[in-house]
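As written, the chains take the letters A, B and C, and residue 1 is the first residue of each chain.
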Amino acid sequence: MTVMISNKHVEQLIEAALFSSSKPLSVRILKEKLLFQYEVSTSQIKQSLEEIEKHYKKRGVNLVEVASGFQFQIKAEHNDDVALLSEEKPQKYSRALLETMALIAYKQPITRGEIEDVRGVAVSSHIIKTLIERDWVKIVGHKEVPGRPSMYATTKEFLDYFSLKSLEQLPELLPMEESSIANSVMQDIMSTNE
Amino acid sequence: MTVMISNKHVEQLIEAALFSSSKPLSVRILKEKLLFQYEVSTSQIKQSLEEIEKHYKKRGVNLVEVASGFQFQIKAEHNDDVALLSEEKPQKYSRALLETMALIAYKQPITRGEIEDVRGVAVSSHIIKTLIERDWVKIVGHKEVPGRPSMYATTKEFLDYFSLKSLEQLPELLPMEESSIANSVMQDIMSTNE
Amino acid sequence: MQNSSNDVDVALINSNTTASNIGQSGEMLQQVLPFAFIRGEAVVEKPQDLFIPPDALEIILESFEGPLDLLLYLIKKQKFDILDLPIAPITTQYMTYVELMKDVKLELAAEYLVMAAILAEIKSRLLLPKQQVEEDEEDPRAELVRRLQEYEIIKKAAQNIDELPRIDRDITLAQASFSSSFVAKAQEADVDLADLVNALQGVLKRTQAFEHHHIAKETLSTRQRMSEILSSLSKLKDDHFLKFECLFDVSEGRHGVVVTFLALLELLKEQLVECQQVQTFGQIHVRLKGADDRYDQ
């Protein structure tokens, strides 16, 4: 038995829910976990989200869509000012972690061995553990080679963290032609072999 | 050297700061830690807070002044709906609770002392409270023994929850006892009445 | 945006920024920016080729992400000639490290040694007369260059990822809290009827209390009716008595009447209610046992 509810009420509920949640909320979650007691269609929820987005354009915060749903973010232009209030220093990540993450993001699904082949060094278990604990990386299967190594892929939370909707929004990889050593050296090699 | 800033900008900054902070922010903190680089008076900050408060009256969150400053809060009327989102999966009930519930169902009306006699251990008030709050158990009277303990019985909601029409539909545990004095007496009475 | 080039404790400075030497006179001079610090002492020189000063070994190993990273650096910054590898000195130098590495991170160092070995192998094959190289065999340098390229692409991708706006550094989430007085109603656990039966059977196993109280459908309907009678009797206030026949609902039929009567008998037996009949064949009244005493107190 569902209850009738006005558009205004739906909008207020969604707005309140988005502000209360530390994670982005998808239309499906809003429908099934927030509004299930009410007579609300998916398109009505989408419309409310649009209304909210429009409304907040002129405010200090913005409604943003990321991989796993919608969330309110401080307007980018105010970020530096607002950061003055926070005492926490943003975390820095090691190159080893970033390179491992880049390989998983761009070459997924990928095994640890394959990551090590590209980087030329062993990948510490600590890095994989950190990435999994942060919910950025998950095991998506096992490669059918001896040892059946785990294959890693990125999660929606990884995209959420960078406020991206999909992997396609990641920066493009450096084209081979722009590699600093690549062409001239390769050409030299080729010519000496001729 | 402070920078001139429009009222609208002050309002956006304060709004962003309030939404970014996990703690309430006072006018003094806003002035000294957020807006110190700008040409903003205390009264201007107060006025901005009033504007923000007025604006959010019609939204899903409200600006509220608490002891240590200002804070955005979920509109009280949406609390229950929004809380549904953050709820964790409820834990399973303890064996003690289930046993108590079963004894009340099968042996009602029953006092706490009687439940304790059967189970051999004390029944915590918490269990009885949980069962009453859940509307599965109610007090139907008091036993006329020292202390006049409450007698507990199951409710209609209890039957509804388990989709039972009556207690009779609870599973039988042991073969029916034919020798019940009450039964035979009753059969005599009914047969003479026919 | 962050500079992600190095995350080790040592300060590594790009070769291009290395300043001029300290001047002779007292004039203000730009200070020499050290390449790295080893035990508090600045290392001004960075590796000019694959040779690494023994003291700097550990730091160099930690400063680069691996031999590919170091080689990439040498090629880019030092114009290290991959086509004409100065193998002889490199090999000698790397071999002297083996001893030193016993005290350091042997595992990490091994990867550099492997690289040195690869370079040495490449060099040795380049020195072989051309005709001895099989035709279908790839130039060993091509494989190395391919690996370097692949690594460079990922190195750049990692830098790009590090520069993306991210939560905590460039993105702040907007959140509102519940008022402090609000306590969310705890969600209720699901219970299966089987859970309840299992629980009761658990009790039965542990106790003899049910020996004489077999639980059957009949007793259960009686028990339910007992609760109902008690519930309606306890609602009475001024008139403590209820007429006997008021307890019965004729519409329930014979079965219902039987159940009510059994419930009443059970309540009498358990001394929870009492019946009064003022005269023979007169009206029977029922009330909660002790109701009278209670009100007299």
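One rule holds in what follows: contacts are C-beta pairs under 8 Å (C-beta built on N, C-alpha and C of every residue); 3 or more make two chains touch, one makes a residue touch a chain.
From a predicted model like this one, the values you see are computed outputs, not experimental measurements.
Student: Which neighbours does chain A have in common with chain C?
Tutor: Per touch definition, common to chain A and chain C: B.
Student: Where centres are the averaged C-alpha coordinates, which chain has the largest centre distance to chain A?
Tutor: B
Student: Of all the chains shown, whose C-alpha centre falls nearest the centre of every protein C-alpha atom combined?
Tutor: So the chain sitting closest to the middle is C.
Student: Once you find the CA centre of chain A and the CA centre of chain C, what distance in Å lies between them?
Tutor: Those two chain centres are 17 Å apart.
Student: Where the centres are mean C-alpha positions, what is the separation of chain A from chain B, in Å?
Tutor: Distance between chain centres: 35 Å.
Student: Taking each chain's centre as its mean C-alpha position, how far apart are chain B and chain C in Å?
Tutor: Centres of chain B and chain C (C-alpha means) sit 28 Å apart.
Student: Enumerate the residues of chain B that touch no fewer than two other chains.
Tutor: Correct list: 16, 19-20, 61, 72, 74, 82, 86.
Student: Would you please write down the residue numbers of chain C that are in contact with two or more other chains?
Tutor: Only 172-178 qualify.
Student: Where on chain C does chain B make contact in their complex?
Tutor: 172-180, 182, 184-191, 193, 195-204, 206-207, 209-210, 213-224, 226-227, 230-231, 233-234, 254, 257-258, 261-262, 265-266, 269, 271-272, 288-290, 293-294
Student: Using the touch rule from the top, collect the residues of chain A that touch chain C in their complex.
Tutor: Residues of chain A touching chain C: 16, 19-22, 61, 71-74, 76, 79, 82-83, 86, 88, 90-96, 98-99, 101-103, 105-106, 118-122, 160-164, 170-171, 173-174, 176, 179-182, 185-186, 188-190, 192-193.
Student: Which residues of chain C touch chain A in the complex?
Tutor: 2, 4-7, 65-69, 72, 75-76, 82-83, 107-108, 111, 115, 139, 141-142, 145, 147-162, 164-178
Student: What residues on chain A touch chain B, complex-wise?
Tutor: 11-17, 19-21, 25, 29, 33-35, 37, 59-61, 72, 74-75, 78, 81-82, 84-86
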